[in-house]
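A short write-up of the structure that comes next.
To keep things simple, chains are lettered A, B and C as they appear, and every chain counts its residues starting from 1.
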């Protein structure tokens, strides 16, 4: 027998397309916040310990139900399409720049990538992974990531992204690049 | 392919791309003198000869050439000359290095994000619309929020007849094809004549209708016409056969 | 511990908005039909005996998951935004035509308005302000207003609608309301 609050929350999460936060669940169920948090935790454990087909996840600032990855091959056969098409390298780079520098303008993105970001940015907008966030002081449209981005990348908030310094090029690469720019040429200067 | 393999043969420089970069940074070659488009073309030729695309090197080339373009355009901007803004070689090199490091960093982030998305894509979310009972107000809770007079007003708008279309500004046709047919036949009885003579001192509508009449008579074989050049004079004659007969 | 097939089916039904039949589930899970039927039955019993927040229903088209009716009040509090935003001019016109002429067919509404009424009619149907009322002799769907319509407009019955003559721009033209609306609509469309 499932406790009343737990089953109501299960129903609410089933109906909601978007993640629902604990406060909204407390309002809807007319319960205290801590009761809600306890019930959510029991629901999460129920799915996990009973090995149900669903999992309860905390994403994009709220709770949301999703299918267990074990069901993915069957889901692919039933729904005949991959849920999220992979990103092209250009889209992934553009998204990376937006995720870490947001809000960031298209010219800034282009400057970092060395190429125009029009088409990648348009696709990311269309897929709902980024959205417009006002204008820069020079009038360029600024971009930021969306809640859908957080959901699809399994993040509770943007703070959960790894620190960007983790992706700094290694000192060897940096030294090599510096070398390429200055010393390699210098050694051969005058021969050109 | 490494960028260092890109051999350039430009007006101001011949040698590897890396060397040109260094020379520009050391101010031994004036960036303003370098035709960057030529470098891009050389690069594309180079890629074509190799028949393969090394994405790593291509990205690096794009970042460098974009940075050079920006530096060059900054040098070319009018007005800045007076301020004697020279490209400090050290700073420029630092800027290029920062660009390259950024490009490397965000490519690494991009790979991380792609892997994360791949790992997460096993989880699917429900995307069904809300059931109908949640999409409308519930009958027991419904209160009057709309004014019935809005419906009567909408109906009044629909009952309104549009004003009749005013056609007074349009020229009423004062000429008929049959009248112009008679006119042309009458002129033809007096022998050959020009179209200009047939439409002397009439308005444009009459000119147009006269032309229709002319086409009709031609189709019936009642006349022939000649025009030596576009917009030239049109001469109208009785058909050859009837002229021979009458001759 | 939930059996593999049962949890996969749970995930598939969770993802599908429409009922899924046993054959489709068997294809997707690469199982035999009778295994699927057994697993579905166990899933249904699980929801029922454990008093979960979800129920498994068998409809004409197949199996579908839904929420337990007990969760309805909480779901309304969480998700039922007031579905009574101001009516757009197109919606008001369409609703006025249905209210005064009911039952009325969609082609008639389009003729009176001079433009297609698809989208406005769909919204009014979804909000429960109008409903279908059989078919005309030519097979077109007929519409009438609902009890919810009366409630939201504060009317006890349809007879309490304001007399249309109050808003009649040219009362001297004597003809039945339907005929006059048709003629005015055709004149606007330029076909009259």
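In this section, a contact is a pair of C-beta atoms (placed from the backbone, for glycine too) under 8 Å apart; a residue touches a chain by one contact, two chains touch by 3 or more.
Because the structure is a prediction, the values reported are computed rather than measured.
For this structure, the chains sharing the highest number of C-beta contacts are A-B. Distances between chain centres, each the mean of the C-alpha atoms, put B farthest from chain C.
Spacing of chain B relative to chain C, judged by their CA centroids, is 43 angstrom. In whole angstrom, the spacing between the mean C-alpha positions of chain A and chain C is 35.
Contacts with at least two other chains are made by residues 11, 14-16, 67, 75, 79 of chain C. Counting partner chains per residue, chain B has residues 124, 126-128, 130-131, 134 touching two or more of them.
Taken together, the chain C residues at the contact with chain B in this complex read 11, 14-17, 66-67, 72, 75-76, 79-80, 82-84, 87, 89, 92-93, 95-97, 99-100, 112-113, 126-128, 147-148, 151-155, 160-164, 166-170, 180-181, 183-185, 187-188.
The touching residues of chain A, when paired with chain C in their complex, are 1-2, 4, 6-12, 14-16, 20, 24-25, 27-30, 50-54, 65, 67-68, 70-71, 74-75, 77-79. Of all residues in chain B, only 3-4, 13-16, 18-23, 25-26, 28, 55, 59, 62-67, 70, 93, 96-97, 99-114, 116-128, 130-131, 134 touch chain A in the complex they form. Taken together, the chain B residues at the contact with chain C in this complex read 124, 126-139, 142-162.
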